[in-house]
Amino acid sequence: MCLAVPGRVLSVVETDGTRMAEVDFGGVRKDVCLEYVPDATVGEYVIVHVGFAIQRLDEESAIRTLAGFARLGLLNEEFGERGTP
Amino acid sequence: MKYLDEFSDPDLAAGLLEQIHASVTRPWALMEVCGGQTHSIIRHGIDQLLPDGIEMIHGPGCPVCVTPLETIDRALAIAAQPDVIFCSFGDMLRVPGSGRDLFTVRSEGGDVRVVYSPLDAVRLARENPDREVVFFGIGFETTAPANAMTVRQARRLGLRNFSLLVSHVLVPPAIAAIMEAPRCRVQAFLAAGHVCSVMGTGEYPPLAAKYRVPIVVTGFEPLDILEGVRQAVGQLEAGRHEVRNAYPRAVRDEGNPAAMAMLRDVFEVTDRTWRGIGMIPGSGWRLAERYREFDAEHRFAVGDVRTAESPLCRSGEVLQGLLKPDECAAFGTRCTPRNPLGATMVSSEGACAAYYAYRRLS
Amino acid sequence: MTIDFEGWACPLPLRDTPAIVMGHGGGGAMSGDLINHLFLPAFGDVALTDSAVVTAGTARLAFSTDSFVVRPMFFPGGSIGDLAVNGTVNDLAMSGATPLYLSAAFILQEGTPLPAVGRIATAMGEAARAAGVRLVTGDTKVVDFDSGDGVYVTTTGIGLVADGVDLGPHRATAGDAVLVSGPLGVHGVAVLSCRQGLEFGTEVRSDTAPLHGLVAAMLATGADVHTLRDPTRGGLAATLNEIAGAAKLGVELVERDLPVPAEVADACHLLGLDPLQVANEGKLVALVPPDQADRVLAAMREHPYGRDACRIGVCVAEHPGMVVARTGLGGTRVVTMPIGEQLPRIC
Amino acid sequence: MTIDFEGWACPLPLRDTPAIVMGHGGGGAMSGDLINHLFLPAFGDVALTDSAVVTAGTARLAFSTDSFVVRPMFFPGGSIGDLAVNGTVNDLAMSGATPLYLSAAFILQEGTPLPAVGRIATAMGEAARAAGVRLVTGDTKVVDFDSGDGVYVTTTGIGLVADGVDLGPHRATAGDAVLVSGPLGVHGVAVLSCRQGLEFGTEVRSDTAPLHGLVAAMLATGADVHTLRDPTRGGLAATLNEIAGAAKLGVELVERDLPVPAEVADACHLLGLDPLQVANEGKLVALVPPDQADRVLAAMREHPYGRDACRIGVCVAEHPGMVVARTGLGGTRVVTMPIGEQLPRIC
Amino acid sequence: MKYLDEFSDPDLAAGLLEQIHASVTRPWALMEVCGGQTHSIIRHGIDQLLPDGIEMIHGPGCPVCVTPLETIDRALAIAAQPDVIFCSFGDMLRVPGSGRDLFTVRSEGGDVRVVYSPLDAVRLARENPDREVVFFGIGFETTAPANAMTVRQARRLGLRNFSLLVSHVLVPPAIAAIMEAPRCRVQAFLAAGHVCSVMGTGEYPPLAAKYRVPIVVTGFEPLDILEGVRQAVGQLEAGRHEVRNAYPRAVRDEGNPAAMAMLRDVFEVTDRTWRGIGMIPGSGWRLAERYREFDAEHRFAVGDVRTAESPLCRSGEVLQGLLKPDECAAFGTRCTPRNPLGATMVSSEGACAAYYAYRRLS
Amino acid sequence: MCLAVPGRVLSVVETDGTRMAEVDFGGVRKDVCLEYVPDATVGEYVIVHVGFAIQRLDEESAIRTLAGFARLGLLNEEFGERGTP
């Protein structure tokens, strides 16, 4: 369930008393409700589900995770093909 | 899409797979809780790449599959009313009620509209003051804040023609119910990452401790799934049963406090029947008494719906990982994605539908 | 209106709906059922294909019809008018024909602004001139406000098929390379982006185009092109499943070779759609013997409408009727026939 | 949807409505305006006729399309299915062609019962077999409940035109006898009798039929038939006004010779309609040199679909573009082009 | 049709014509009051067969032509309302209001339905209890009993969703108005047979006496018209001005008492504006106070309609026989049946439309 | 105005408290309200306007009128072509 994708906040407006953002998903842009991530600022990434930002995306953590995966690969290479099918 | 495509990188995936293969010494049965994860696994063929001994059991985390038949039938009855604009996420349109679905209602003239966001339904209510607008508010904890916002907005805008047909389900009670099932084979859980984006991880340590299962909060991209599997298998091989967050870029332990405050205000916990599984105590949310004026069940006299699930369908056992879809007698014969008997054959992440597409190859 | 159920004797393994639903028009499995289990038995011993090749006197003709009901009628990059001309031109081109003549039949909803009708007609005239075909006969009907929606256009085309040209799924062979003429899903995403209730911002614009020039360039290489199809409704998934089913062959795609533009992929991700099931216009799929594929590809890339042509897979003897994709990770997945409508998912 | 009024540059002496109204589909003057002032300028230098005669390779082809939206879909004596086949067969036949192939494009409203669709398809199959034409290609689209009404069918046909055959208003000549193949108004009255809100009892049944056999019999006499037309929408009045306008000739009818059956006349009297403006199916009007008229009439009367053929008037050089009827009393009246819809009158 | 076809017999017509020709010694101007008679004259070419000296002036007896612009505009405003099913005789759909007609309203989504009989509108009201059904009750005395029956039925059936937009006009006051016109050229009237079928002949002797004009109650078939002309010319030549009934098979002097009783109950006399002509005192019927609940003008707040008749149109003079249509500057140029400026160009018995079709020949 | 045609009463029924007749117009049949000609019986002719019988048709009078016209024709013949154009 719960298809959610990361997008970058392009702009923030208050519409009809609701905090809304225009969010960019790699060229595709959609209006998104920012009420649950009210302090997200322009340029930040948020996780969007059914038109709502439900969480900030922690860019630092993302980069760290990817770096971890990369290290894992190097590690595997170092220690050879142990256990591969 | 940035922070999405990177997590499908084939080279990094190969590294993770190698690690998993390297660490596995015996068979393990893992359940991915969330239908979105099931979708990703099938979509990318991840199960084919895992060691033979690792079995992925598809969990009940597909709201399309588990929304109770009574609720679907109520939705159909409301949607068929002439003054109603019935709004729903697209997934729900093909879910069979007792004999028909929302597509059928629409084809008979019911005004059924697919919306992208629950706020679109509120907008429709403002634009159509002479119509009753009903939003079909289904989903897990992830979707609940969005649905909750509709009634808050409706009240703020003074809308008297908007209501919500609510059927929310909650993940932690379902995990408990699965572990309590007599024939349960699940040895570790990949918890649903986006549920935790909203709710945090606080509900899981008691479950991990009580049932002695590792629980790894897991994302949805291929690398996320592999990392969840890697951490779960790591714990299993090491004999541990902890809660770990393998999706830290989107999940904080404390969840989303603003959303959780809203949920406490708008909803209250209730017992909930899961389609195919049955009643799980405290496993759902309904509208709180103070939002009763926006509750479609109260506004429309459709409480007394008589439901009739196909007697052939064994989706409950499938949803709990007790039965593989192709062990159901109706599978592939009476029951196909074209003509589903159970909800698990409808949604593309329903276990039966996923099996149907996959099995044809082997 | 009383319906005489007795007088109607079609064997009906149609989905258990006793009535038409939107899915019957989606170009996928339900559309196929309607054709195979309702129209074909009623019409008798005929092969109802996208485009028929028939003989009239001494001439070999391609003959094809399509109704256009796309909503909205105007979208980024085009309109129902361009589609109506190019769609039929392309169905003819997929038979290897030189399109010559078109007819246009309009079903207009009362209340449709005349300028909208005029703009569509103008687009059709321009598209016809661009394609070098002539609109020679037509018809106009008006239906009441509750019984229509703006403009529906049905175009039918006649093309001339040169001697020796024989294209179709019946010629597909295991080993054939699967080529596609350009980026996938662009048209579908452009239309979705302005569909009511779904509006999203995108730079994507519909890329409808007449393809018979491209086809002529491909045939001019002398290569023995086996099959051509334009993957419109139901997308590449529907087209390849249809070919696989008709040819009793399997198809294997390589996902990483599929030309899905980032914006299309992102829009699909956002809405939970499969880009392979999204409609295309102005694109073709070709099955070509493997040793001739490069020659054909080279010719395609020289043509303005084939600049981004590429190889995406291969026909195989295994798993006949089934389309399988090798995923980026090295797994496989079944590329299923879309069932009905394409709807945004939440999960 | 924003409409770009700038981009649409048709000179518009259309009726002052800025939008489509039902009358634009009535086959009368408003339909003509739409074609002449909107479609033709947009499509460019073409003659949009009921049926075009074109050349493909070495073959002379007739090519015609029509959308069928008749309500109700089933009526005494037939259905939209028969009409859809015979209507297009007859448009081809009016060019003197032998109809060969048909395409069928369906626009289905969601919710339409499958048995109704099946019954229409069956009627089409049977009508095609009876007419000796083949349904070879098709298309199906589904539109939502609010955007359609049951089944709309667009059929398009290809026929072969023998060398030397040249029929059309351009060949009409002053002095030509005006012949009609049988009773007038029957189909229109049958359909009206079961139209919602108008229901009346009548024994009249629609008499749709394929006419190319009759045409072949007429041509086989060796007579130099000048013009053939099937007086469908808008009735004999619309057809003869069109011919008169195109040929720049007058037409003089003799009212007492018009084969209007008593039941048709009575139904028209009751509703305040002019039987000459009521739609026909399975009927043709022929213009024939006066000295050959008897020969042609004799051949027609030998054919099952021309048994009641008769002479009803003459082409004249006077009052070009105008159709005049000599009344029973010996006066004259102008037979006007119907404007829009045929509606029951109270006065 | 029996008793219809016989009255078109060419041989008998020839006999009547011969008599007329024989009896005429100088020019006479006759007005046929009723549009149905105009239609018959044009349709059968009767005017061409009459002696040159006999001029037929087309009277105002076409309800389509004379229904006031305000009423049409009110009809358009009501028909455009979303909850309304607006029912009308077919003739009225093309009558131009201020800038549009009922066809336009329908093409914009208004639910405008053509009915054959006023009772069909009552039936629609019963079948659609959630819609407002309005019937456009126009016409002369002939149609009034049918329209009156709708409100009687609606009351009996307890319908609260039916109403009548009434604009009835009456023949005798119009005859008086025509005779009072300064440039009046009418020397005899063919009175409207079917009006007299309902109302009898009692209202005419005072008119014949006051204005010293023959009034012949006349039917609609060719022989009826010819007989009406014959009797009128006979009186003119003899210097008489009596009321005669040349349509005895359908007209009794006392009219239809049942219908007249109903009319007295349901309607009351009012001043009425005739389109193009202006107000004629006491020349119309409106719903009586006791049926006010069924009066569409009261039920819908559309009383304040501002109308704009084309300033070019001279149909008033045409309707009174003061101007021939082709003397109007707009005739055949700005004003054609395709694009009528005035109501007399709309209906096939409107004098301008009749002239338009005819003039082309000569 | 007031298109009205003669038709023959085929049958009479009371529907919903309203006197209705099926009336034949030379083969075409229509339901007609008989409230204003309540004593019309089966076989009689009535004049029908917008679905209502507004008057009986007096058959005797119709025949007399036609006979009168015929006599007129004979009369004309007798006295020659006086005044015809």
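Each chain carries a letter (A, B, C, D, E and F) given by its place in the written order, and its residues are counted from 1.
Everything below uses one rule, namely that a contact is a pair of C-beta atoms (placed from the backbone, for glycine too) under 8 Å apart; a residue touches a chain by one contact, two chains touch by 3 or more.
Quick caveat: nothing in here was measured; it's all calculated off a predicted structure.
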item: For chain A and chain B, chains touching each; value: C
item: Minimal step count in the chain contact network, chain A to chain E; value: 2
item: Pair exhibiting more inter-chain C-beta contacts, C-E or D-E; value: D-E
item: Chain located farthest away, centre of chain E as origin (C-alpha); value: A
item: Chain centre separation in whole Å, for chain D relative to chain B (CA means); value: 58
item: Between chain F and chain A, distance of the C-alpha-averaged centres to the nearest whole Å; value: 85
item: Rounded Å distance between chain B and chain C, as computed from the means of their C-alpha atoms; value: 34
item: Interchain centroid distance [CA atoms averaged], chain B/chain E, Å; value: 70
item: Two or more partner chains touched - positions in chain E; value: 1, 4, 14, 34-36, 62-64, 89, 106-108, 116, 120, 139, 143, 349
item: Two or more partner chains touched - positions in chain D; value: 17, 19-23, 110-111, 144, 146, 262, 266, 269, 272, 345-347
item: Contacts with two or more other chains, residues of chain A listed in rising order; value: 1-3, 5, 25-26, 30, 49-50
item: Chains touching one another, given as label pairs in label order; value: A-B, A-C, B-C, B-D, C-D, C-E, D-E, D-F, E-F
item: Of all residues in chain C, those that touch chain A in their complex; value: 193, 200-204, 262-263, 266-267, 269-270, 272, 345-347
item: Contacting residues of chain A [partner chain C, same complex]; value: 1-3, 5, 22, 25-30, 49-50
item: Residues on chain B engaged by chain C in the complex (per definition of touch); value: 1, 4, 8, 10, 13-14, 35-36, 39, 42-49, 62-64, 89-91, 93-94, 103-104, 106-108, 113-116, 120, 139, 143, 222, 337-339, 347-349, 357-358, 360-361
item: Chain E residues touching chain F - in the complex, by the definition given at the top; value: 1-4, 6-7, 9, 11-12, 14-19, 21-24, 34-36, 51, 61-64, 89, 116-120, 139-140, 142-143, 145-146, 149, 153, 156-157, 192, 194-195, 197-198, 220, 223, 227, 248-252, 256, 258-259, 262, 349
item: Residues of chain B defined as touching chain D within the complex; value: 106-109
